[in-house]
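Two complexes come next, and they have one chain in common, chain A, joined by chain B in the first and chain C in the second.
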Partner chain A sequence: MRVAGPLVAELRKTLTLPAAWAGIAVVVLGSIAITVLNAVTTRSAIDAGTPERVANTSAFEAAFAAMPLGTVGAVVLGVVMISSEYAANSTDAGGGRQITATLTAMPRRVSLLAAKATVLVVLVIAVAAITLPITAGIATAVIGGAGTETVTPAQALMRGLGGALYWTLTGLIATAVTLLTRSGLIAPIVLIANSSVVSVSLLLTNLTPLAHWLPDLAGRRLFTGVDTVDGGLAAGPGALVMAGWTVLLLAVAAVVFRRRDA
Partner chain B sequence: MGTRVLAAELDKLRTLPVIGFTMVGTVLTGVVIAAALAASAAAQGTPSTVVELVLAAVPFVQVGIILLGVLPAGHEYDGRQIATTLVAVPDRARALAGKTMATVAVVGAGAALSIGAAHASAAIAAGVTEVTLTADRAPWRLAGAIAYLAVIGLLAHAVAVAVRHLVPALVAMLGLMVIISPVAAGLTEHARWLPDRAASQLYADTDALLTGASGALVAVAWLAAIGTLAAFRFIRLDP
Partner chain C sequence: MPAGRARDRMVGMLLIDQLVKRHGTRTVLDHVGFEARPGRVTAFLGANGAGKSSTLRILLGLDRPDGGTALVGGRPYRTLRDPLRTVGSMLDGSGAHRARTARDHLAWLARSNGIARSRVGEALDQVGLASSAGVRVGRFSLGMGQRLGLAAALLGEPQALVLDEPVNGLDPEGIRWMRGLLRDQAAAGGTVLLSSHLMAEVADVADDLVVIAGGRIVATGTLAELTTGYDRLEDAFFALTGGDAGAHR
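Here is the complex of A and B:
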């Protein structure tokens, strides 16, 4: 009960937020849409006898192109989980914030943060477990045996797990940043923009190799294949560096959260 | 009367600290990114031009402009200020027109200031870091970049009015501009009809089909479609 109670409470609070479902829908439906578009383009290129028109004809790659959307979903989940606690209610209803009720019910703040982080991890992994098989299945159904599969099942599994890990760590960083700033604006801007082609970190790598140690770039090999840039850390050490950043930010957020007024 | 609504909306924005921070942040983004692009061009020995460096900074600046566009309408729903606003200006079309004009002013100022600052920064950085300069591209492209940013900011405003929430509107705009649009562009040539791709022809002639004028028209069509939906919801439905 001691552990399960806060977990169930946080899971329930998160799943009753419309914004959380919007985030989940972006990942699942958006990824399906991109996969369908990509697979149909690839299939028609193969059928027309011009497979060189597309980068490759692998069904897995067609599905995997949608992976960046998962980062958006994870960031949305990580942000709304915290920002909803701090959003002020309507003044007609007293203008209160949910965080006061939450802290009255669960006065141990570090345990509360741990429960929230656990719920986020569970949700992101669940979304990945739904999205990746569906999109891979759609791509395989559309492209079928017409394309050349360049990715072995073992590689596909590793890349899927790596991508899910990247989503999870990014979501946790979003949680930590939102808790530190108590505002839902900073984390989405920095994390969504930076995970795209409009990446400040990527630009920084042209100026200093140290930028490869930033969390988003350190972890990008987890995707292997998507926007590969030369140099930087390999997948394993990169994942460790990104996890280190996540733990650090969560620890700072936990200390600040514990010490300051709600 | 119309000017008083506009003045009231501008006053609200002036007293909203986050608008000031965003404005400063957007201009600084332009300055830093343009300088960083110049330094990286110099480091790699790629010949470039000052105008090109500024234009390459536009995708980064647009993130700040999106926030500037989302805030005026979005913050009204962050709390219930919208109720007060509509008590003060019961004519909803007029309230929306005032807010839109105030947003145009803020977004336009943000776009012009950041492109201007980025231009100064790129010129200085190119001189300091000794970038190999080639013949400069037409400076009117800078005006095109400002127009592009204004269109994106207005689109963000329309989305915020339609969605009625700050963070969802921000995430939707960011997701469309920096994730969906580049991913779609890699997959299909039809991505040129997306609002940001079409509007980007205002400053970049990268597309085989759309020109500056027709690209702008496509973007305006998007703006009209989303804006009409947003205006209908604002004027006819409960706030």
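Here is the complex of A and C:
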């Protein structure tokens, strides 16, 4: 009861936040759009008798290519769950912040952070569990028997789980960084730009191989099949390193959160 | 003294003792101490920046003191189980996110403290916001935000109310209504601690006064005790806080 209360409260809080739904919509709708685009391209290449125009004709690959988009949604969720606490109301409305209400209702701060992290994990996994079957279904419906499926169901499951784990860990890192900085800007700039625009981490690998141990690069092989640079850690050790970063950042955030003034 | 200690543990008794708070080298609270008792309305008076909010934030477990203690019924706020059922509080407006509706805001608060869902509608009704339950908080006026903050404070039917400048932004009718509500709470045996920077604002409602100036408590006592010898309430206030030497007769 004392665990369930904060947990359900935080879940309800997140689901009544429009920005959280925007993050979820980006993943679900964006992935569907990318999948449709990929699948139609593949199908028309097959129908035109030129399947060599596309890398492969697997329906799963057409859907899985949208997987990195989920990282963006997980970061948005991880950030807004925290940044909404620190966003000030207009001075016309008293200028207060929600963190005051949150901490007077749930003053045990480490438990509060645990409840928030749990809600994030549940939501990200739920989004993955909805998005992956839908996009795989769409790609299969469009490409159908015309293509050659190169991915076995077991491989598809493992890659889906790997991708969902990467989303989850990135979302948790976003939560920790946002809590530490109390700003909704830093985590998305670093985590989204780094994964989609210019990968600073990747550039760093040219300077030192240690950059392969940064959380995003360590975990990148969780997306098996998505083109990436050579070198660095294999999927298993990489996942452990990324999880280690996540736990470390959450622990630092918890200690700071517990000690500092609201 | 055993009798005193038993009294300190009374549910709803607010006890602040020797609080010290520093921001860098600046001392914001300098050994602040007072109590707010059940069945009484205690007004915490001081100019803006005197240390009222800092004291209340420490009492509510939001900020950490550099010394001293603040206890609710003998316990630090952070150790209370389902604190909203013991202390209802309001600081800087509603504390609701602007994108959320009033009803959704109270609903998650209720869930976090095991408060019956039916209390959400009742509390909105009680503060006169029933018709705005589905409106996003970003569209609220200052007065509506204050009412929502008060609804949140009343949600858990707490023994004690801690309110920072509660009549800010309320119209005269709202102020009258707020006074009635605070008197009713005290008459029912509850503890009410409210801060204000205007003595006239609390004169009709307060039983006890605590005056703070420059981070120090400069006077405590009943309204009658502190205002004896002054023509006007504001004269007493300025004399006590040293805010305006000319006001002292």
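Things worth noting here:
Note that in this section the second predicted complex is superposed on the first by the 261 of 262 C-alpha atoms of A that agree within 3 Å, B and C clash if a C-alpha of one lies under 4 Å from a C-alpha of the other, contacts with A are read in each partner's own complex, and residues count from 1 in each chain.
Throughout what follows, a residue touches a chain if its C-beta (ideal position, glycine included) is under 8 Å from a C-beta of that chain, and two chains touch if they have at least 3 such contacts.
Quick caveat, the model's predicted, so the values are computed rather than measured.
Superposition of the two structures on chain A shows chain C fitting alongside chain B with no clash. In the superposed pair of complexes, A:Val110 makes contact with neither chain B nor chain C.
When both complexes are overlaid on chain A, the residue A:Ala19 reaches chain B and chain C alike.
Once the two complexes are laid over each other on the shared chain, residue contacts for A:Gly5 go to chain C alone; chain B is not touched. Angle at the C-alpha centre of chain A formed with the centres of chain B and chain C, after superposition on chain A: 90°, rounded to the nearest 10. Applying the stated contact rule after C-alpha superposition, one finds that A:Gln98 touches chain C and leaves chain B untouched.
After overlaying the two complexes on the shared chain, residue contacts for A:Ala87 are found with chain B and with chain C alike.
Once the two complexes are laid over each other on the shared chain, residue contacts for A:Thr41 go to chain B alone; chain C is not touched. Residue contacts after overlaying the shared chain place A:Leu204 against chain B, while chain C stays out of touching range. In the superposed model, A:Asp261 lies in contact with chain C only, and not with chain B. Between chain B and chain C in the chain A overlay, the least Cα distance found is 10 Å. According to the touch criterion, the shared surface of chain A, contacted by chain B in one complex and chain C in the other, consists of residues 19, 87, 90, 92, 95. Contacts from chain C toward chain A in the complex involve residues 57, 60-64, 77-78, 80-84, 87, 89, 91-101, 104-105, 107-109, 111-114, 137-138, 140-142, 145-146, 149, 152, 168-169. Here chain B touches chain A in the complex through residues 18, 33, 36-37, 39-40, 43-44, 59-60, 62-63, 67, 78-80, 165-168, 170-171, 174-175, 178-180, 182-184, 186-188, going by the rule given at the top. On the side of chain A, the complex with chain C involves touching residues 1-2, 5-6, 8-10, 12-13, 16-19, 84, 87, 89-90, 92-98, 100-101, 103-108, 259, 261-262.
By the touch rule above, chain A contacts chain B in their complex via residues 19, 22-23, 26, 30, 34, 37-38, 41, 65-66, 68-69, 72, 75-76, 79-80, 83, 87-88, 90-92, 95, 184-185, 188-189, 192-193, 195-198, 200, 203-204, 206-207.
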